[in-house]
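As written, the chains take the letters A, B, C and D, and residue 1 is the first residue of each chain.
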Amino acid sequence: MTVANGAGQEPGGKGKQSVRVGVVGLGRLGRRHAQNLAYRVPGARLVAACSPLDEERTWARDTLPDLRLYDDYAALLADTTVDAVWLVTPSALHAQQIVDALHAGKHVFCEKPLSLDVAECERVLAEAARYPHLQATIGFMRRFDPSYRDAFNKVRDGAIGRPFLVRSQTCDWNDPDGFFVRFAPTSGGIFLDCTVHDIDVARWLLGKPRAKRVFASGTVALHEGLREFGDVDNGVAICEFEDGRLAVFYASRTMAHGNDSGSEVIGTAGALSIGRNPRLNRVEILDAHGVRNECTPTFFERFEDAFLAEAQAFVAAVRGGAQTGASLADALEATRIGSALRASLASGEAVTL
Amino acid sequence: MTVANGAGQEPGGKGKQSVRVGVVGLGRLGRRHAQNLAYRVPGARLVAACSPLDEERTWARDTLPDLRLYDDYAALLADTTVDAVWLVTPSALHAQQIVDALHAGKHVFCEKPLSLDVAECERVLAEAARYPHLQATIGFMRRFDPSYRDAFNKVRDGAIGRPFLVRSQTCDWNDPDGFFVRFAPTSGGIFLDCTVHDIDVARWLLGKPRAKRVFASGTVALHEGLREFGDVDNGVAICEFEDGRLAVFYASRTMAHGNDSGSEVIGTAGALSIGRNPRLNRVEILDAHGVRNECTPTFFERFEDAFLAEAQAFVAAVRGGAQTGASLADALEATRIGSALRASLASGEAVTL
Amino acid sequence: MTVANGAGQEPGGKGKQSVRVGVVGLGRLGRRHAQNLAYRVPGARLVAACSPLDEERTWARDTLPDLRLYDDYAALLADTTVDAVWLVTPSALHAQQIVDALHAGKHVFCEKPLSLDVAECERVLAEAARYPHLQATIGFMRRFDPSYRDAFNKVRDGAIGRPFLVRSQTCDWNDPDGFFVRFAPTSGGIFLDCTVHDIDVARWLLGKPRAKRVFASGTVALHEGLREFGDVDNGVAICEFEDGRLAVFYASRTMAHGNDSGSEVIGTAGALSIGRNPRLNRVEILDAHGVRNECTPTFFERFEDAFLAEAQAFVAAVRGGAQTGASLADALEATRIGSALRASLASGEAVTL
Amino acid sequence: MTVANGAGQEPGGKGKQSVRVGVVGLGRLGRRHAQNLAYRVPGARLVAACSPLDEERTWARDTLPDLRLYDDYAALLADTTVDAVWLVTPSALHAQQIVDALHAGKHVFCEKPLSLDVAECERVLAEAARYPHLQATIGFMRRFDPSYRDAFNKVRDGAIGRPFLVRSQTCDWNDPDGFFVRFAPTSGGIFLDCTVHDIDVARWLLGKPRAKRVFASGTVALHEGLREFGDVDNGVAICEFEDGRLAVFYASRTMAHGNDSGSEVIGTAGALSIGRNPRLNRVEILDAHGVRNECTPTFFERFEDAFLAEAQAFVAAVRGGAQTGASLADALEATRIGSALRASLASGEAVTL
């Protein structure tokens, strides 16, 4: 599918200096970011990469354009040719790595979440306030998905009147191996790991209202191993914002059909639905199973374009454009609401923020 | 669209005696029921109608086959040629009218809700227990909609594994005149008036688990007049059932596109969505607005087939078939849960049942 | 799905005399018509039925309301209590049976086609011209399908500007037993058997322009037995009408997904698509096969509502309303064009009408 | 939407020499190609551009990375640093420019069509046969659209049994200014200008069968100015291939809803539909117009991904991979069939090839 408004993503912006980027972390998603930055983001130059794993650095050496390779984050920060760092590292490291990058004078893009801990988020914000000239963005990539972007623009332009309700979901294809069960001790639970995207979407589409109260519930449909961590594989929640705005969230690890992540925003004069059918592409199959389409298997395929657009936007922001992604303050709010959801799930009670 | 399994709705069941029906209440929905019973339900004969309004009786005289007309419910109950009464009267009258019908030895079909008051529901059940030979059914018509029926059968047959989550909504086209605002003092509020359908659907599709806890929220998007009654025009809710089953509800009075009432049932091996796009028919329009379909304007058009099928099923049950609609006990549960949702909306707290 | 405009189909038209109908032929489709006329058409009374087969008359005796049963068509025509005959007989008999019915002073509804032979069609029209007070209609039921009707009304009301192209198809679920191969010697071939519906739809939606030239082609995809009859199991055709109007047809016997019969009408200001996805109902299935819907298996389920509406319309016409179905002249044109398609398929050349 | 199988499009192929490309023609489509080659095709370097127009060269100077600019094609061909030329020039120039490029020892990518004249196509093939070491590809970009590619792979893998029928259309949003009317004298007419894409798709999906006979028709729905050139703004056609394979084509200049270009391939065990709804993106709008999606306005947005993928594939082929796009022989066949369609439209007769 097509970018509703592809304007402005091309021009190399001749005459301006390229942004020299160092990517940190070369797992599956890190590699995607590295390749985007290396080949598909005008105005960016991927000049360095950092990973503690030999195997990942070997991949970089074989696959990426010539760049400096580090096995130590501090060494990369000491590289004066690096203008911006791109953190695709374990969540527990994000907060400190962001602070270190800012201290080193680097712009910083960091995958979500900022931190699973509200106080730590606040500490990062306090530090970042000292570096107003540096970009610091958290990678809520849905804001850069062409369809989400189109919906946002339509809402902004009044197409559905006053928006008052967002329904949003992050639903993963069931992984029979239950990778996320092993990940459960550090993931923060389904609401901080998955719903955090929906929280950001809801705030973004509703005009960033302040959250007042939440209620969450959930169930273990398939993955019994989650119980010992107080986690669930299917969670639902309601979030009340000020001014009577509302959000309803759903997160699942057990979808049979693929990654089904979408949102709906309802206003006084209409509604917009984004990704209601998680179609893989434009092909429909007509056979003994009926009329059908295949689904996006993971968020990776679903948000391929969004990952690229967010990189382009970040680089444009560093080069002088307006910031367009989620700010650290947005990320703090997402963590604050997600933590309240987790508390509500644990207590069975509504939680007032 | 087509009945997935139209079997058994036709045959007149020759040799069996017709069920002689008296319809009570001839408003818009009462007329629809009367016409179905008069012309489209093999095995039924519409022999009487009752309304206190001259205008409604005149309509019946002019439109329906020859039948006896009453302006008084007691008189209709005294008519010994009536085997079954069909109540399409104001909600506040339902409970006593059902009891009276049973006392008079009549089978009874009654539009939802049984009552807005749990204690009154329980009183009707206690009375009805004394008349086990009489059919008494509450009109949750979605159970008879061909698509809901198809989904129910698929769930029953294991198509989606173990169902654990239902998402269901009852969303009305916005009525700028706000009829329901005037109706608010007696409607019981959005959850008892609208969501009661979704509650019944959720219980039915999930195997009738017991509800344990609910949380509800809502907002007034357009109709300020609702505030004085503590009601909202958009409500959302979560219902926890035993065994980790869950439901999420949405009700709205303010849709811009039509009546959008549908459900989704999610299981361990798949999901079924019913009525995701409230399409009016099979026509798609391709023009300057894009590619689109028109929507069902009201529940009346959406559930036209269901109203007929429920009448056919009730008559078949009276003639000796198994009961297939919602029982009084089902209606009691719907009122119990709906009342808890109302209490949660008022208090802002989760309510344990 | 719902009738876009259900107005006017109900009222029993009290005070008017019922139309007493005799149905002729009680195969699968005949039974459907008989049941509709017996139970679901206000203003009609099914008073007689005729079949040479004991088994079919036994079915009628067991299933239908009390009615007179005949094994001989002449005897039914002699029954003075019959106002109208309803022919669901083999195609080869239609023409003479229509003429006989008119001679006997009966209104006549006849399943398509009028005849496979143009000259015979013309002979029936000449006879019918002598009985202008009698209704004579050929059952092109798509005109009564709610979605086709909605599209027709929209075209009439100018919604798509001037319509100039119809694309229409009649595609059957593959029958591995190849019933239609055994039927091939008498079916007239795929264009006269299937496409005749599309021809009628095209003429109806385009304002009944005169056909000028056709070209047809086809292939045997699966059913080799058709070759000896010069028939194909997949046929395509173009029909040029006067004033630059066009139609493109497709007929298939070999669909893997169900009966897929739909149409598209394209105008200068928009287009309408009818039945683009042959969905069975409003259920979507989300599972390992993707997101899908089941399909209508046969025309029987697809056009269930249309068969009923055409019966209601015919009875209303007999009782004094305007004729709304396909006239004998429409049926003649459909046969004329269908015959030209067959000739083009045989010759490989365009055929001028 | 997502590439069904994105494998292999990323890696820069380290160690191999970059392909140095010169783009010729910098109109709207030429600029798109130039930007792709400059920024988004690993392994390519855009080193030169050629346009006779000052304005276009100025655009290149301001927007593209440093490159050599020529106002004369011969000068570009003389540039020994150019490995491959990329022709986005008027159709009438294609044939000679391809030959000249080959003579100069350059690989050549050329936008469709190869030529509107069959004899000229054949002359180019004869010349090209002398340069087997040089890539020469015509830009039938649909082969590189992710959805078309997915369908092709499914057909190849037997998902629909034996494919025997393709229905394919190229339908443009109506341009009230009628640009294509002014273009009519040189466009070759609707079949050579638009349907040529569908011809290539049909041949590609059906296994490149030889065409035997065609029939075409058409109408002027809106643009009367086309009549003097014997052209139409809506054309339909049937193409018979050997072995009973068939194609049905539709081309339009007058769509009200957007660019609606898609295809369907029907086999003995199923069918695949590509782009049935020309949705712009994943957003659905629910409002007073019903439920709808916006459409791709032009082929430019619809095939944005395809233009990029074909550039990546061409560069990969030059660097030693297998050729994957349309060959000169494919382009010759498309012109041969398109010319026969034009002849059939003019004569009203079927044309045997």
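Here, a contact is a pair of C-beta atoms (placed from the backbone, for glycine too) under 8 Å apart; a residue touches a chain by one contact, two chains touch by 3 or more.
Keep in mind that what you see is a predicted model, and the values were worked out from it rather than measured.
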| item | value |
| --- | --- |
| Result of counting contacting C-beta pairs for A-C and C-D, higher pair | C-D |
| Which listed pair, B-C, C-D or A-D, duplicates the contacts of A-B in over half of its pairs | C-D |
| Computed distance of Cα centres, chain D from chain A, in Å | 36 |
| Rounded Å distance between chain A and chain C, as computed from the means of their C-alpha atoms | 56 |
| Length of the line joining the C-alpha centres of chain C and chain D, rounded to whole Å | 42 |
| Chain C residues counted as touching two or more neighbouring chains | 160, 255-257, 269-271, 276, 279-280, 285-288, 294 |
| Chain B partner contacts - residues on chain C that touch it in the complex | 1-4, 6, 10-12, 14, 35, 38-40, 42, 62-65, 146-147, 150-151, 154, 159-160, 262, 269-276, 279-288, 294, 296, 301-302, 304 |
| Chain C-touching residues of chain A, taken from the complex the two chains share | 255-258, 260, 277-280, 285-295 |
| Chain D partner contacts - residues on chain C that touch it in the complex | 160-162, 164-165, 167, 213, 215, 217-222, 234, 236-238, 240, 244-246, 248, 250, 252, 254-257, 266, 268-271, 276, 348-350 |
